[in-house]
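Per-chain residue numbering starts at 1, and chain names A, B, C, D and E are given in the order in which the chains are listed.
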Amino acid sequence: MVGAETSLLRWIVFLPVLAAAVHGVMLGLLRREAPRAFVVGLSCGAVGLAFVLACVSLGRLLTLPGEAGFLADEVWSWIGAGRFHAELGFRMDALSAVMTLVVTGVGFLIHVYSVGYMAEDHRDDGGFQRFFCYLNLFTCAMLLLVLGDNLLVLFLGWEGVGLCSYLLIGFWYGDRWNAYCGSKAFIVNRIGDFGFLVGIFLLVWALRDVGVGSIAFHEIEAGFGALAERTVRLPDWLGFLPGAPEWRLATLIGLCLFLGACGKSAQIPLYTWLPDAMAGPTPVSALIHAATMVTAGVYMVCRLSFVYEAGPGAAATVAWTGGVTALLAATIALAQTDIKKVLAYSTVSQLGYMFVAAGCGAYGAAIFHLGTHAFFKALLFLGSGAVILAMHHEQDTDRMGGLRRRLPHTHLVFLVGVLAIAGFPPLSGFFSKDEILLSAWLAHDVPGHQALWALGLVTAALTAFYMFRLHFRTFAGASRVPEEVRNHVHEPSQVVRVPLYVLAAFSAVAGLAGLPQVYGDALGVSDSNSLAHFLAPVLAAEAHHVSHAVELGLAGLAVAAASLGTLLAWWLYVHRPGLPARLRAGLGALFRLVRDKFYVDEIYDALLVRPLVIASDRVLFRGVDAGLIDAVGVDGTARAVRALAARVLKHAHSGLAQGYLFVMLLGTLAVVGWLVR
Amino acid sequence: MVPLEHVIGLSAILFGIGTVGALTRRNLIVILMSIELMLNAVNLAFVGFSRAWGSLDGQIFVLMVITVAAAEVAVGLGIVIALFRNRESINVEDVSLLRW
Amino acid sequence: MTAPTLDLTAVAPIGFVAIGALVVLLAEVVLSRRKTLLGRPVTDVWIGAVLAMIASGFLALALYASAHAFWADTSAVFQLERPMLRLDRLAAFVTALVAVASLLVCVLSVTYLAEVRINHGEYYALLLLATSGMMLLAGSTDLITLFLGLELMSIPIYVLAGFDRRRLRSNESALKYFLVGSFASAILLYGMALLYGTTGHTDFDGIRAAFPAGNPLALTGFGLLLVGFAFKISSVPFHQWTPDVYEGAPISVTTYMAVTVKVAAFGALLRTLTVAFGPFAGELTGLLWVLAALTMLVGNVMAVIQDNLKRLLAYSSIAHAGYVLVGLVAGTPEGHAAVLFYLLVYVFMNLGAFAALVALANRGRDCERIDDLAGLARSRPALAGLLTLFLLALAGMPGTGGFIAKFMVFKAAVGAGYVGLAILGVLTSVVSVYYYLRIPVAMYMSEPGEAALREESSSGERLVLAVCAVVVLLLGIFPGAGPGLLAHVRALEWARQSVALLY
Amino acid sequence: MIELNTHLLSVVTFLPLATALGLLLVHRLPESAWRGISLASTTVTFLLSVHLFLGFDPAKAGFQFVEYAAWLPSYGIHYFVGVDGISLLLVLLTTFLMPLVLLASWTDITRSVKGFVFFNLFLETGMLGAFVSLNVFQFYLFWEIMLIPMYFIIGIWGGPRRVYAAIKFFLFTMFGSLLMLVAVLVLYLLFFEQYGVLSFDLVPPPSAVGPALLDTAVPLAGEAVWWKTQTWLFLAFALAFGIKVPIVPFHTWLPDAHVEAPTAGSVILAGVLLKMGTYGFVRFALPLFPEASFQFAPLAFGLGLVGILYGALVAMVQSDIKKLVAYSSVAHLGFVMIGMFAFNEEGLEGSVLQMVNHGLSTGALFLLVGMLYERRHTRQIADLGGIARPMPVFAAFFGIVTMSSIGLPALNGFVGEFLILLGTFLVSPGVAVAATFGVVLAAAYMLWMYRRVMFGPVESPENRSLIDLGLREKAILVTILIPIFWIGLYPKTFLRRLDGPVNELVDRLERHGATTARATAAPPLAAFLAPPAGRPEEAGR
Amino acid sequence: MSEAVFFYFFAFLAVASALGMVLNLRNTVAAAMSLVVTMVALGAIYVLLEAHLIAVIQIMVYAGAIVVLFLFVVMLLNLRQDAFPPPRQRVVKGLGVLLAAAVCVAFLGALPGTLPDAAVTPEGFGGYREVGRVLFTDFVLPFEVTSLLLLAAMVGSVVLAKRSLD
């Protein structure tokens, strides 16, 4: 299977990076803020053009002869030593195409939106151009990630997006908190990358045995067939693990790589950075921390679906981690009042859904949800951004309420997003989430798959509840907006609103791209699930067959759950607005536990970070380094030499000539004694 | 004929006495004398050996030693005088400015 | 009875130097009587310079004679019947080295003597007499000449150490040197007596032939002889006088003592061990091993706590004696060649280091404490740089002769299987680096103190410093044949040739 | 031109020294003249070494640009220089950093400028000489001699505890290298015993096929007296090189030297001098003692690993930026160590490349810290904060270099680290996994420092009025960023040149070492993951 | 037989006066006189050992010149009786004495059997003629060197002891 050569792909990646480089050079070397029109034109133009190129490439891809062909573009040989080699190359198959379109498309919209959002911001130096520089750089990195021809290029993008995320979270670096959140995101992601790297090493190590030195995806896939059944023995101290001591190699590789995915896609136990990442500007939250970067983990799992297919243990872990994360994040979201925090936890939760799908072998569903989520979550974030802008950078819903009257357009598009995420038909979220629940229901390989399904269902209800809670607290009811702000609240400018409308439209109708056949049959469309068909050649998915009745029944249950949640939210926050406060008081500790995110950050800090720092300082640095090696070893030796001279040998040099004679006599006797013996 | 052992024994005893003198006496001049005594002991040994081997080398050696001893005494006493002029003492233990 | 056949070439260097001493004495008498000469007023400094030139001239003649003997590669003896003095390559090498060192010290002394106001003509005469003693020592093949050489070397140096009569420290230095020295002479003599008594010979060949290896009396004699040498080369534990004497003597004398005495004594020791005790010397290595180890250790460790430069260099010279001994321990021709090469380098690097101190002595005051050198790099950058060079050479840094010297010595030791000693040697070298580096620290890294040092070097001092620097670098970079003109300078080769005839 | 090419290596090596000696002869020039002359000299050296790099034929085996001349032929000491891919890279690194360093010290060093440029030029020749020497004696000479200029650079132009730091640096290095000298002598005599020839030549000289030091059969433990065994000889070499690297228990000179040295000193120290140690391993210790290398590979892995983790953890708690960077060097060189002892192409090439990478990244970090110090006169992280506000360009450069240092892909650090970890993983997965964790820690301490220095509100007035980088400083940093990106994006340029020598070394190690030691050495540390069950024996080989 | 008596008498005299010199803590002049006695006794023993010329020179140079020089200096310095403060390093000195004694005993014990047997000496052995002949033929070089040595001593003592050189 060899891809069709084209040099189109590289330009999709290079355009944004060139734009970023131009920005960087202007900022760094010319020290002059460029005219805004130029900045906007360059950045948006580059991303827009990348989108156009992506579309052209898609066209080329669709017209390729042969079934499983892909577009390939090898730029140059990147890293190579010994038998290992990795090229800086790109490939576009169905999966990459979907991702590329999402990245460039949504990315372009968010670029445009940012023009309005960042227009008035002067918090730190060179903000405007710097922002677009980072944004372009991010786009490039994300495109590298999705278009990368091998694991290493994927990793390049993977780290690149992490860097941009770091830069953009701490964009307003004048505030310590923002900077802290940025570093936290990067470091937590690095922990994930640790797993990712180990996964890559394992893969290379394993492939070496079958004579494959490359880690290009098609080579891995080809070589992996021979490795699928291989097992490894775990060391004894890991004997407590299920299935020990013999594990499938694929499981081990899958788990290592999944650790990376956990970091990037904010799953348990590495999800804590994502809520804090909301410290960045809202367009960033929309683009990076909702639509694109955080889905990289899902993309990676799907890209390497054959590994997870061969390692059922890994797949089950993926599914269950996703399920539990989805529920946990949804629970935390229940009690948050910060508009972006709620959305952040909802993102974590939705990512959990995607992993459930991926773990259950429904990679298509995962990608489908990834796409629809990109639209509606971007929409929700951008909507919240509009609110925040209107409220002069106020994010706490305790100080909002009743904004429906002041921001009618925003209210409407936000409502579309809420409905979509809550999973009401026929909005996009309904179809994608429904497929995921179905796949969980059917995933017989995953232990406890029905419990997993139930988990998903509960999460669906909770999702509907907290999203509507958010919506009601923001737009409905009485206004809690402070006096001085209230009169200045107004709809944002056109450049901000247009992307909202576009996204709202996509959120509403994107579900049609992956319309399950059961509805297709009802509508008389054959092959309605065009996305699944498009992706099928790339993903290692087995088609499952299920009766329409079950499928519809499950869908009905999901809708019912969502409705329940919605109704409860309405009851609590619109119908009886006094009740939540009493409820809160009644629940007491439990409420605080949820509001404070189960204290996970604090536990991590106390158990891992602090002991490490204290031990490093007290034991390693002060104890071993300064105390032992330097004071005893190095200076100690010097002192010992000095002491030998000053305390011992000195007495032989008393300055008294007769003492010298005496020593000389002794020496003479010793010499003679030695000789005569 | 006196056995050579006794001659050498006498020389060793005199050398020992000279050594003890050089080591213990504090009067610089007496120390010099003790060293002279040591040289005399050496001379005695040379003469004894010279007689035993029947070769004159030892006696020539003694002549040289006597010359050297004279030279040493001259220089040594010169040093003592120079020191005495500055220090007003011939106690060897007073000469310990330079140490360690 | 036939008249003895005499070969004057064997005594030519000694003769030149001895005649030089007489000429200097006469010239001093003549010159100091005159108020003017050739229309110019006669000053003390001028007299000193003239005497130094005379002395240098005779030393140069001696140098020429010994160099000639070296190239001629004859083993000239003074008289065939009873060869008490031999001018073979070893003797020529040592003689030449001693001559060069004495010559440089003469040149170096002119300004210094005037500066510390001890500008007497006898200085040069004594210096030449001592030098003649060293030359005798280097060539002697008989216990009698060995003894006379030793004394002829020592007695003028006792006087020179006390040459600054008005300073108590100088008196003390002379006294201690004299006391310990004559005591050591007595021990040495007793050893000679016993050797004579047990072998019936005083010449080396005779001793070698007749040495009764199992006789305790003979062994005692051998041991006592060794002690006498150990004293002269200041090997631990016979070294304690060294720092006191070096510290108290005028620096120019210290310089002279530090470089020449050691060279001559080692030359003689080398010959004694190989010629007189050749077959027996192998049993000696254990003893020499201990002496070398102790000497390196104590010399270096004690130097660490010194604040007085002369004293520090004294301990450093003790330590260097230890390194030279390592070559003797090896006992191989290679080791002995390394000894000679080490001495060659040692002369120039030590002379250079002392010369720098000489060049700083100001108005009756020596530059003695390390602190006195503070900030020297700014006031006298060239001098500071040169002093640093010599110290680095002493520390054995590559690029200088000091490194090659140590390298050769350790190579010989390792080659002979004395790896432990080589390791001890390198470890103590690390210690030595510490104290040598303290001096550049003062010169380069400290703020100037209030010590009043001389601001200008005389041309003689500059010449000496330059010669030493050039030689130290040359021996470091081209110890063998170099390119171009340097192709004829093959110091390592010379050292090897010098010892070749001993076996 | 032909003439130049035949002596190119010597010209490159000795041009700086010649300039330095020339400077000694001149008096009373304005300060900028000293700087200008030295800058010009080092720049020409760099251009010549680029010429060297371009003229180097990666396809040819063995050493190139070889020059061979008698020096002390009766002792087997020759002037013998030549480069293979490994030394070529390090030569290029050295000549590249030197002009930058001098440029960076343009305004920083105002006291005795002449001395400063003299010592720097002297140092450059010392370093280059060590990299190109193929005669062990000659190598040792250069290896030791470069201590002197560095000692003075730290001691004269350094910080308040400069004297302590300089002496500590000197003594530490001297301690190890003198023991190595003894080992060299033993090796030399062994060679003599076996072939009857005295020679310090590491490889046979050009146009002569004869045995060279590399052909010495060094006995294994038990076959000869202790000092002639590989075990002890290797340990002596390893101690000398290990102190310079530095590996962990011998590292404490490094933070002191780095902190006290002036910017130029720190850059050269980190950039080039530390590489001497690792280069020594690759060039001498491993090929000369293959069996012992295998025998001690677990130890090297262990110490390298300790270096990575220990360096990182200690770096995390430093309050002085320079000290932090110094400890990060310990960690980085830990990677180089384990990569080297993986004994495969991936690990070794990664190691050599990582030497260059570390030189560039850490060198750049020290340059940046120096620029900040010049303005603010403090290196305490607590005194800084919000520097990005007054100095955005500085912050940007610092950011890129930080990322390079923590191994972000597309920058140089990643390529080296990845290859090292991969190579190590193939041999000892457990070590590789633990080392990979060091990458996480690196991000933690570097970003912690970056955040505390660059971000947050500008609190002190001194920080508010800082002036951003000038043209000279920008030029320096841009210049150093070029190879950082180059290696990150297209490392082939450099890796290609490493293939030959590294393959040869791996072959050698496999040939000698695999039989005796692989079986015994591997289990203790490498058994984190046993080979997969049912793995066909030697399937890949 | 008479030789033996002669020898032991002078040997006893030499040892006794040597001890007298070393043990006399008060009077430097008396010490010098004791030394003279030792010298003379040794000179007598030299005669027994057929070293006639040496015996004469011993008396002349040692007793006649060297000891006189000592006495001269004692007078010159106008030394009062030894009135030194308590000695330092008493333990060391005591040990030194004991050691020296022990070594002497050990040495004397080791002597028998290690020495050469006495040879028959030719006529005139040790007389001025024989010694003189050897001295001016075989040993002409040492003889010449002694002149340098004496020159050095002369110059040296002048330099050191002359009141003013300037």
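Observations on the structure shown:
One rule holds in what follows: a residue touches a chain if its C-beta (ideal position, glycine included) is under 8 Å from a C-beta of that chain, and two chains touch if they have at least 3 such contacts.
Please read all numbers here as calculations on a predicted model, not as lab measurements.
Chains making contact with subunit C as well as with subunit E: A, B.
Each step here moves to a touching chain, and the least such steps from subunit D to subunit E number 2.
Distance from per-chain Cα centroids to the pooled protein Cα centroid is smallest for D. Interface comparison, C-D versus A-D: the pair with the greater number of contacting C-beta pairs is A-D. Mean C-alpha position of subunit A lies 97 Å from that of subunit B. Centres computed as Cα averages put subunit B at a distance of 26 Å from subunit C. The distance from the centre of subunit A to the centre of subunit E, with each centre set as the mean of the Cα atoms, comes to 103 Å. Subunit A and subunit C have centres, each the mean of its CA atoms, that are 78 Å apart. Those residues of subunit B in touch with two or more other chains are numbered 8, 15, 18-19, 22-24, 26, 48-49, 52-53, 60, 64, 68, 71-72, 75, 78-80, 82, 92-93, 95-100. Subunit E has residues 88, 93, 96, 100, 103, 107, 110-111, 115-116, 139, 142, 146, 149, 152-153, 156-160 in contact with two or more other chains. By the contact rule set out at the top, the touching chain pairs are A-B, A-C, A-D, A-E, B-C, B-E, C-D, C-E. Partner subunit C is touched in their complex by these residues of subunit A: 638, 641-642, 644-646, 649-650, 652-653, 655, 657, 659-661, 663-664, 666-668, 670-672, 674-676.
Residue ranges on subunit E touching subunit C, taken from their complex, read 107, 110-111, 114-116, 133, 137-142, 145-146, 148-149, 151-153, 155-160, 165. Taken in their complex, subunit B has these residues touching subunit C: 8, 11, 15, 18, 22, 28, 31, 35, 38-39, 41-42, 45-46, 48-49, 52-53, 55, 57-58, 60-61, 64-65, 68, 71-72, 75-76, 78-80, 82-83, 85-87, 92, 95-100.
Residues 24, 27-29, 31, 76-84, 88, 124-126, 152, 155-156, 159-160, 163, 166-167, 170, 173-176, 178-180, 182-183, 186-187, 190-191, 193-194, 197-198, 200-202, 204-206, 208-211, 230-235, 246, 249, 612-613, 615-617, 620-621, 624-625, 629-630, 633-634 of subunit A touch subunit D in their complex.
Across the interface of their complex, subunit C is touched by residues 70-75, 77, 112, 115, 140-145, 147-148, 151-152, 155-156, 162-163, 166-167, 170-171, 174-175, 178-179, 181-182, 185-186, 188-189, 225, 227 of subunit D.
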